[in-house]
Amino acid sequence: MPAEENIIKQLKEKFSIADDKIKTTRQRRIFLEVEAGDFRKVFDFALKQLKFVKLCAITGLDENEKLAVLYHLAQDEGVILNIKISVPKEKPVIKTITDKFSVADAYERELVDLFGIDVEGLKPGFRYPLPDGWPAGQYPLRKDWKPEVKNGK
Amino acid sequence: MENKDKFRIPIGPQHPALKEPEGFSVALKGEKIMGVDIRLGYNHRGIEKACEERPYIQDVYLIERVCGICSHSHSTCFVQAVEEIAGLQLPKRASYIRTLIAELERVHSHLLWLGVAGHEIGFDTLLMYTWRDREIVMDILAMLTGNRVNYGVNVIGGVKRDITPSQIQDVLKGMDLLEERTKYYIDLAMREETIIKRLSGVGVLSHEEALSLGAVGPTARASGVARDTRRDDPYAAYAEVSFNVITDNHNDVYGRTVVRLKELMESYKIIRQLLKNIPDGPLSVKAPRNIPAGEAISRYEAPRGEDVHYVKSNGTEMPERVKVRAPTLANVQAVKQMLKDRYLADMPIVIAAIDPCFSCTDRMVTVQNFDTGNHETISWDTLRVYGINWHKDRGVDFSNVTK
Amino acid sequence: MKAIKKIVTWARIKSPWILHFNTGACNACDIEIIAALTPRYDIERFGIQLKGAPRHADVLMCSGPVTKQIEDRLVKIYEQMAQPKFVVAVGTCACSGGIFTGCYNIKGGIDTTIPVSLYIPGCPASPKAIIDGVVKLLQSLEESEVSKDAS
């Protein structure tokens, strides 16, 4: 059984994931959607049991009513597990994973600056990547944000 | 305010008088760094948003310019993701040409790094030698692609430039020359006391730290972390060539130097294999204007380390989302660790040794001195000269290294 | 006075000191500026030297479109330079914002922030174009000095 199928099998068994929430698009790639509340359990399992020991990146997505966060985790053997969670746009809150991956610091700050997601537990530090004078409440990577606003800095 | 065991790292704008944002905030005690905070974002241009507002075809050119030194890396990483979503099967010849340009880029980048590293430690002769040699590969890249930098070789579905038999011969000749020169640099690094002394024990990152802090590229491999995307998650033609993943156990800047030098030798090997075995065939397949809805994550071993691109499409001619995670961002935490409890004089070379993608030409360094309580802002060049003189006083003088 | 001025101008023209500053560039132009210094192109044979501090520089060579973060620093550097001073915009992005025009964190070319004396287009500007441009700048300096003396 190829590596991806084995991983999918273990995840499905452990967390009763519906078929339409987990898929493989090609070799070494798995895409998985979970409830925001279940994320940490799945994440810890992937890290400890399935050996997804590398955090490649964290991507924020604007999906209209919701904001999504996509965690890209990799094994040393090359398989990438992409875990997606969604949070409501009016009050987008997630918890930091810097306790397990200190490299997530910059990736989570991007979510704060560019999407306006509140990351609980993120240590105080320089903002990234926007400049200090950037107007509050302006999140450039949200779909409804238009660059005309930039001139009213 | 001062605590013997803990130290406060200045975060945020420190001095009301200092309007400009600091690049680096250093907490200093005596001559040693207690901690560093690094402020990025100077080069934040808003590329990801711009990608959503342009068709894929234009985005290829835009993404190339995320970083001019590894432009092909970013461009390839991006088109790979798009090709995957569109279900395009690349012709083999295109794959080989992409890989060839990729390795030539690694060669130019590592030689560039050697020169820059030389400049940071006061060894300007090395800068002149390596950049003179580097012109060999710049000529090759210009011959093959039409430009010295930002090659524009990729299209979605393949490449747009072919390589002729006589060009193949020129590339092979260039590789022979460069291999000779690289052997000289390796010899220099192995036996020249001044280099060994200057770079050893500097910017130390243990194997465990490299793993836990998520370091990538030569920075991680110099701490024994055997991760190389070309082998772990093969792309382009890498599954069809044989090469070694270079690791080293010095865990310091010296190790990072050795890794890059040996990687140059591996690149020459890979290039020769590619040119020997390059199959005939078309250069590209036709790509649709509207990319069907889907998503893909693509990885690439850029000269600096793992480059990651995520693309989400929505069935139109413009992407829904493009995310770029350049390698330097992954090494920032590691660099902060490397500088802890080390001499300020080593800061320039330690930062240079991760081969940072942010330009270091004039990043301001704010130093908060715990002994005096003073804040001082110094330019990068002042820090570089301080480091060179500090080491000169301790017997490290490159003006005596000749040949 | 005239004689001293001529010597000072001659010295300035024969050996301009350059400060290189990246205002948000992708590094391509920066490496071509440095390549102009290295043996193949050897801009130093014209007496041109790269210096680290604004106060010692005659010419500010800027690469990149101006990002919002870097704007204040760019102005500060320009103000720290002594007169007469010249600004060279190296590369298409420095000339006009280039491919990043319209991006939310970009102001535009260098001339949106400080006055520019010379524009060297290219993506990136090649070392040959950079040398050509700087030589043109020096020639125009010499000519303007000559025409001042004549009038």
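Should a chain be cited, it is by its letter among A, B and C, assigned in written order, with residues numbered from 1 in that chain.
We take it that contacts are C-beta pairs under 8 Å (C-beta built on N, C-alpha and C of every residue); 3 or more make two chains touch, one makes a residue touch a chain.
Keep in mind that this is a model prediction, so the values were computed, not measured.
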Result of counting contacting C-beta pairs for A-B and B-C, higher pair: B-C
Chain centroid nearest the full-protein CA centroid: B
Inter-chain centre distance, subunit A versus subunit C - centres from mean C-alpha coordinates, in Å: 43
Distance from subunit C to subunit B - Cα centre to Cα centre, in angstrom: 26
Chain centre separation in whole Å, for subunit B relative to subunit A (CA means): 25
Multi-chain contact sites of subunit C, meaning residues that touch two or more partners: 67, 69, 102-105
Where subunit B touches two or more other chains, by residue: 21, 41, 44, 46, 49
For subunit A, residues contacting two or more additional chains: 130-131, 140, 147
Touch list for subunit B against partner subunit C, complex: 19-21, 41-47, 49-50, 53, 61-62, 65-69, 71, 112, 115, 127-128, 131-132, 135, 138, 148-150, 357, 359, 361-362, 364, 379-382, 384-385
In the complex with subunit A, residue positions of subunit C that touch it: 67-69, 102-105
Interfacial residue positions of subunit C with respect to subunit B in the complex: 20-22, 24-32, 34-35, 38-40, 52-53, 64-65, 67, 69-70, 72-73, 76-77, 99-100, 102-106, 123-124, 126
Subunit C contact footprint on subunit A (complex, rising order): 130-131, 133-134, 140, 147, 150, 153
Complex contacts: residues of subunit A adjacent to subunit B: 25-26, 28-29, 31, 53-57, 59, 61, 70, 72, 74, 76-78, 80, 82, 101-103, 105-107, 114, 124-132, 140-141, 147
